[in-house]
Amino acid sequence: MRLYEFEGKELFRKFKIPVSDGRIAKSPDEVYEIVSELKYPVVLKSQVLTGGRGKAGGIKTADGANEARTVAEQLFKLKIKGFPVETILIEPRLEITQEYYLGVTIDRARYKLVVIASGEGGVDIEETAAKTPDKIFKQSLGIEDDLYSFDALAIAKKIGIPTELLKNGAAIIVNLYNLFRKYDAKLVEINPLVLTADGKLNAADSRVSLDDDAVFRHPELKELGIEKRHEEGEMTPREQQATDWGIPYLDLDGDIGMFPGGAGFGIMGNDFIHYYGGKPANFMDSGGGPSPERIAKMLVLLDENPSVKVIFGARFGGISRCDDFARGVLMFLKDHGLSKPMVMRMTGNMWQEGVRIFDEAKKENPELFKHVEAHGIETPIEEISKKAVELAAREGGN
Amino acid sequence: MRLYEFEGKELFRKFKIPVSDGRIAKSPDEVYEIVSELKYPVVLKSQVLTGGRGKAGGIKTADGANEARTVAEQLFKLKIKGFPVETILIEPRLEITQEYYLGVTIDRARYKLVVIASGEGGVDIEETAAKTPDKIFKQSLGIEDDLYSFDALAIAKKIGIPTELLKNGAAIIVNLYNLFRKYDAKLVEINPLVLTADGKLNAADSRVSLDDDAVFRHPELKELGIEKRHEEGEMTPREQQATDWGIPYLDLDGDIGMFPGGAGFGIMGNDFIHYYGGKPANFMDSGGGPSPERIAKMLVLLDENPSVKVIFGARFGGISRCDDFARGVLMFLKDHGLSKPMVMRMTGNMWQEGVRIFDEAKKENPELFKHVEAHGIETPIEEISKKAVELAAREGGN
Amino acid sequence: MAILVDKNSRVMVQGITGGAGKFHTERMLEYGTNIVGGTSPGKGGQDVLSKPVFDTVVECVDNTGADVSVIFLPARFVMEAAIEAIRAGIKFLVVIPEHIPIHDMLHVRREAVARGVTVIGGNTAGVISPGQANLGIMPDIAFKPGRVGTVSRSGSITYYVADTLTQSGYGETTCVGLGGDPVLGSTFDEILLKFEEDDATKAVVMCGEIGGVYEERATDAIRTMKTPVLAMIGGIYAPPGKRMGHAGAIVEGKMGTAQDKLDALTDAGAHPCKTFTEIPKTLAKLGV
Amino acid sequence: MAILVDKNSRVMVQGITGGAGKFHTERMLEYGTNIVGGTSPGKGGQDVLSKPVFDTVVECVDNTGADVSVIFLPARFVMEAAIEAIRAGIKFLVVIPEHIPIHDMLHVRREAVARGVTVIGGNTAGVISPGQANLGIMPDIAFKPGRVGTVSRSGSITYYVADTLTQSGYGETTCVGLGGDPVLGSTFDEILLKFEEDDATKAVVMCGEIGGVYEERATDAIRTMKTPVLAMIGGIYAPPGKRMGHAGAIVEGKMGTAQDKLDALTDAGAHPCKTFTEIPKTLAKLGV
């Protein structure tokens, strides 16, 4: 769960990491009102859940309320990598004399937390890391380890924080690390941490990503107004629909509707379609042990997508039982009806029961199954993939 | 810093340890008002910073507001081991079917935290521990160790918490341990943890002692109304005076005023006086590196105490410098004047400077020193002790 | 004859009284897995499927001699359950649930490494040594005793690969699902090296996917192995995954695309396969 | 010739730029203590009393070869300073400040034990090996090189005992103040056993006091020692101390009165002394 800059700074404030007094606004009029009250020149920062905001023109300065309103009008029209600007953070403009980088993340390969620091902060930090790795300092710690001030001070010294600010710098590093552990973060970054002309350190930007799976442990986030949110750019209407239904779904530009089991074959199935010359219309993941209702909804998404010419179904029942799968398909066939050809394969856990459910329903109403070509363990999945590609070519006429 | 029962329960509540809804009252009228609002029979519990409250008659039940007022009038007149009852905690009366003991403390000899539990809680827990130690269960943990639910559950099972409440019992133990670590406690006890007739666990009493030296880390205690407090029973006026001045001081029943250096010789000096047949009038500790003002105040306490016939002074300057000591004595002699004989010894850090200060002052005004017999390193402290005892015998005429 | 679990393993289930726990315990028992009991705090003394239920793992180990445990519990309870099992002397632990907090898994990993315990998961379909023991939620239909080991991130890929090996007559020694969570109890290299030590395993199929760092970490192990390794990577045609900020790039380097991963593994000596049907062909070529 | 510190020790001061730190550093230097530098975070590069100041202990150790450190810092900074010193390779650490949070000292002790470092204090007057090095705040007037070691809880008692030994011609090898805090970096037994290994130390005077549990813990060590131990306990006539709840009684047993402690030590073979003047008499009787 990625936080907005202003939310991350709220957490920084709680952990005594110095940030500017910022105010947020949702409209040009609000921007005008806020800036009217302020005596100093401001910076208007678009709040979006993506990087590259500065280069995309999402950060602007203004000297007074009128200029701020004009600038804000432009910003609220912006879309940055598909994210519309809905909130602007207004902060005093800083006179910056030096930019540092501080970050904490998880080194998954070594199962460590890593504190990263550099004396060359800013947008080009990755280039610095790639070209002059000796300008990047890292300290690895076990999840159970405290970061002590003396180690933080050594880091602050290495990245060139001035002597008189070493203790402050060390405190910021320790507090950032504590914030990371306290809130189950995956990533916290201050980039840049700036040294201002009046000799103060200030976290000029925040990037905080928390572990969605641990948010339940932090109900206080809700009290701060920080809630689960959609982190992708603007969605297609169908992606929005899938999100509302809790189904991981992504529109692609092909014509084969992918109706897979778990995420693993969800990814590899797309490769298979490509190998045989087809193009998937989507990516989808059923999640572990989907209910019949969910299975039915997955099919609705594909059936109602005009780009989809053919549906490719694959179910290897593990925690997801084939009987539930079959029930879901049947529910869809009865309640909604299938308007395009579907070729599918079903095997694994409870597959006999799945077959029995299909057979019975077919006996009762063969019409329901007129577009369905269902295979079992006897047909390799590659054959099904090939059939789907062939069908799509035939249906699409292209 | 020992907390009152109701304060400890406030912390319990924060840590989800089940306690009754309690209300506190400062007068019989307040008790009457509160009980009038309540529908259930209540128990009135005197809030004092000492044990043995029940046996001293400090806990009473009442069935209605009138009875509660009458009972409260008696309780507010009580003194329990020298502690006047100033606050009463009013709680619903519980129907208790079983009493357990839970505690966490520090094993100083082994540098461990220890969780202690017993199926036989209540006031006789120490007797249980002494007579049937197999009914007491202990688990030692390092200060860095978390107490996990599974270990807590094993403890809960050992002390006989019913199967259906094992998870609740384990949670209480874990939370008590977490409270201990979170608040830098020296001791937390639930005695008794009770099982009520309606099958619930309830922390019926709390005992919480925090580390005074770590209270600075917990400003939130102040927000809960928990502040540093005097933890002794009623003080003599002189003890109160000393406390106000920040001087550790205790009245004893002898006639030799003890004016020692650090706590170490403060304790042993008292023994020495006894060895030579005398009796100290007090215990006192100067604290590390006392200022001249503090030294002077220590002498004021002794000079104004009519029981004191002779003052016995001993200073071995370590972190407490003899020059400051001499300046303090001189300040007292000039501002207050000494009304009784004092025999003293001064050596150690900066002793030459101390001697110089005395010599100079004496030259200027010999009258100031007419009651002062000052020795240096040449006279063993035992000789000074003997002299003090002899002087006291002479002065006291007994 | 197998790695991690075989017919002599004494298997317990943490969360044996829960819905999923009970359902899959029954399936595992039907497969012939030597399940000796389970835990459910506060339900000690009951029986489930004629197996004894205990309040704690220590009690279960003391009374049944369990040495392997499978966890079926809500994600938020997994960390303590895993540490409990590790401290109680369990030597191999399978963590089925998904959505386990990442920091929790770091604690579990630390405890496991400190005590020499192998943990797989979370979010794994489990481990099966065909004909001997089936731990987790894998469908038994795909598996048959044989001479090839498999290790993969995803459950569904495990099934497809095993199905392929079974249909083509190779069969499997052990099939290991590492799990789909971002931080896992075990990594490819650790499992590959266990296969290397198993005489019955004549080749290993390793299936990774786009994202994460565990595939790249396997190259050193593959270079040292005598047992041939076949590699499949999912996501060759998937859009590149999101990186975790600058810090992610700095710590983990360039996040490998699926093709990068496949190239790295091939460079280390693994035999790349695109589809399942290429697996038996490659094995035949290698003379397995 | 001494324990813990001698003339070859390379001593640093943590908090060397502070008021007390600087004052006592000057005194220690005057005594001839081999002080090589100190730390004060944010003041690295300065000089104090012609000794270099560093930001971190690691820098100080790297540049000066320091192996002993004395801490003069406010109590709330002691835990981190101590852990910093221990991790930087300091082998003997003297913690002067009082009022250190108890939980902090538990952390320090853990770190010290894990890395084989000796810590004394908090709330200690320090350690002196007369004629060689004086660490802490002890007045040098009381001390002279000689053949008796001392270890006590209280600073003032250390001075009186040393004064007695000095005046009676025995002199001291090393005098150790354990400190007055409720949880200490070292215990009597640990220091006694160090004296046992020191050839120059012909006897040890141990001074405890009422309260706490550290005196009783020394009895096992005393039983194994060849070097005679003289024991003094303060508080024979003091009112009994407060116990720490039921839990304290359960964990620590009956809180020893001063007389109980003296009896236990005597029973273990120590020679009890009531006043300082009995010390040289007892030593003479023992032929020291």
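Order as written gives the chain letters A, B, C and D; numbering starts at 1 within each chain.
We adopt the following convention: contacts are C-beta pairs under 8 Å (C-beta built on N, C-alpha and C of every residue); 3 or more make two chains touch, one makes a residue touch a chain.
Keep in mind that what you see is a predicted model, and the values were worked out from it rather than measured.
Trainee: Enumerate, in label order, the chains that touch subunit A and subunit D alike.
Mentor: none
Trainee: Report the inter-centroid distance (CA atoms only) between subunit A and subunit B in whole Å.
Mentor: One centre to the other, that is 56 Å.
Trainee: List the centre-to-centre spacing of subunit A and subunit C in whole Å, with centres computed as mean CA coordinates.
Mentor: 27
Trainee: Among all residues of subunit C, which ones touch two or more of the remaining chains?
Mentor: In subunit C, nothing touches at least two other chains.
Trainee: Mark out which residues of subunit B touch at least two other chains, giving numbers and ranges.
Mentor: In subunit B, the residues touching two or more other chains are 144.
Trainee: Make each chain a node and each touching pair an edge, then name the shape: line, ring, star, complete, other.
Mentor: Ring.
Trainee: When you check every pair of chains, which ones turn out to touch?
Mentor: A-C, A-D, B-C, B-D
Trainee: Please give the residue numbers of subunit C that touch subunit A in the complex, ascending.
Mentor: 20, 27, 75-76, 96, 98-104, 106-107, 109-110, 113, 123, 125, 137-139, 141-142, 152-160, 163-164, 167, 180, 182-183, 187, 207, 209-210, 212-214, 216-217, 232, 234-239, 244-252, 258, 274-277
Trainee: With touch defined as at the start, can you tell me which subunit C residues reach subunit B in the complex?
Mentor: Touch list, subunit C to subunit B: 41-45, 55-58, 80-81, 83-84.
Trainee: Using the touch rule from the top, collect the residues of subunit B that touch subunit D in their complex.
Mentor: Checking each residue of subunit B against subunit D gives 51, 101, 103-109, 111, 113-114, 116, 125-126, 129, 136, 138, 142-144, 181, 184, 186-187, 189, 191, 207, 209, 211-214, 216-217, 250, 260-268, 270-272, 274-275, 283, 288-289, 316-319, 347-351, 377, 380-382.
Trainee: Please give the residue numbers of subunit A that touch subunit D in the complex, ascending.
Mentor: 148-150, 153-154, 157, 163-164, 166-167, 170
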